[in-house]
Amino acid sequence: MENYIYKLEMKVRDYECDIQGVVNNANYQHYLEYARHEFLEYIGGSFSQMHNQGFDLMVSKITLEYKRPLRGGDRFVVCINTCRKGAKLIFLQDIYNLADGALMLKGEIDVICLKDGRLTRGEVFDEMFKDFMAKNNA
Amino acid sequence: MENYIYKLEMKVRDYECDIQGVVNNANYQHYLEYARHEFLEYIGGSFSQMHNQGFDLMVSKITLEYKRPLRGGDRFVVCINTCRKGAKLIFLQDIYNLADGALMLKGEIDVICLKDGRLTRGEVFDEMFKDFMAKNNA
Amino acid sequence: MENYIYKLEMKVRDYECDIQGVVNNANYQHYLEYARHEFLEYIGGSFSQMHNQGFDLMVSKITLEYKRPLRGGDRFVVCINTCRKGAKLIFLQDIYNLADGALMLKGEIDVICLKDGRLTRGEVFDEMFKDFMAKNNA
Amino acid sequence: MENYIYKLEMKVRDYECDIQGVVNNANYQHYLEYARHEFLEYIGGSFSQMHNQGFDLMVSKITLEYKRPLRGGDRFVVCINTCRKGAKLIFLQDIYNLADGALMLKGEIDVICLKDGRLTRGEVFDEMFKDFMAKNNA
């Protein structure tokens, strides 16, 4: 397992699984979103601060590689790295099965920042994540 | 099939089913909620009007009897009757399988109306649904 | 807070909230289902054993009283008691907000047991939950 | 709007929206999955046939570009094209708002085919979709 700046352990709930007995593909996005929100809470409330200053974060693109399926009751960990790419903040999010350390999913989530409805160049990300930016992940 | 004041046909989507191949119990609430919102739209936008006048509708209680399970791809119809019970508006919502007419679920959903955060006696329901109230359904 | 035989702490995830900023009504059923499955795992794998012996548990009825809404990020606890009522096993499940101990939801979930597709009188519940049955909860 | 081999009209349900009043990012995957399953049903049951012959389809990668958000009650259309890329079947799935024809989401979903648990070279896709393959979409 690589180095990550944030990790969140979770457990599959049965209702997240579909008829094949594996987690439905869409639910991985829920896991990733929840981990990002927990990460933002962890680095300290800057999210609501930003909103009050007129900044809005939006996911502009998502790429998920499904390596192996999670099953009901599986324990897993969502790992996060971040980097900047032009105006975007990139979340690199990988999911590992805790039972055997196997990589289950690789995700790349591009986030943009709007100020009063217009695309910014993302300067605010530097401020927000300055201690957390992994330097060489792109 | 009884008489109902509103019917909405739907189809089970595979992602709504769980590992047993049947619709997850919670998803029936989604069906019922969607049918109520479609019904409200059908009787004409009074919902947003109400909100603008300070009225807020909230579900206070829900009772669901699961008769038979729906499966992936099943076509079904959500049927609605309404009646008043004191301060509450009651939605009687039954789901039938369209293939054979079998009753799959019986639901009773109690809705209350708040005005500026305080419980009302529900006078607004009479206004809103006056043409739709089934007289003897309670 | 009453006495309960099982408690599970959880946290609201933002994607479980709807446009009003509160947990969507259907998602409480997910919370309750997840807590029941964790409880069954806790009392020791009898669930899969039962299935292998031809027994199948099904929810036949659910009654939820919505007292107060949970919001994004709220921490809460799902509390469980069980009792027998004829052929049914009743789960009494209450949800409390951990911040102030307020009761958010009262739930009663009726579960029946089928053996090879036919309704049983529920003898198997006594076996399964014998140490956990609250004597006077009905 | 481009040419597509299949189109499915849908409508946003309120419970699919989150606190911002727009469809939660994960729910677009549900729309896309549902449209693919309807498409497979449309081209004629070959899906279950395949399964009975030991073939299993799995999503291996998904790329979604979020252009504009859908809101509660919006009517939209999910459009599908397919093409082959090596062992993969690619679904190109775009979502348009029906009110103004605006492109809301561009999706690319890579599907692989396993036979008895081992990756195939995807010969079966040619058979299955032979009348539907868009020749020059890659």
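Chains here go by letter, A, B, C and D, matching the order in which they are written, and residues are numbered from 1 within each.
Following the convention adopted for this analysis, a contact is a pair of C-beta atoms (placed from the backbone, for glycine too) under 8 Å apart; a residue touches a chain by one contact, two chains touch by 3 or more.
What you see is a predicted model, and the numbers here were worked out from it, not measured in a lab.
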| item | value |
| --- | --- |
| Pair joined by more contacting C-beta pairs (B-C or C-D) | B-C |
| Identity of the chain that, by mean CA position, is farthest from chain C | D |
| Distance between the centres, which are taken as Cα means, of chain C and chain A, whole angstrom | 31 |
| Centre-to-centre distance between chain D and chain C (centres being mean Cα positions), rounded to whole Å | 36 |
| Distance from chain C to chain B - Cα centre to Cα centre, in angstrom | 23 |
| Chain D: positions in contact with at least two other chains | 14-15, 24, 26, 30, 33 |
| Complex interface listing, chain C residues touching chain D | 14-15, 17-21, 24, 26, 72 |
| Complex contacts: residues of chain A adjacent to chain D | 24-27, 29-30, 33, 58-66 |
| Residue ranges of chain B touching chain D (in the complex, touch as defined) | 13-15, 30, 33-34, 37, 41, 73 |
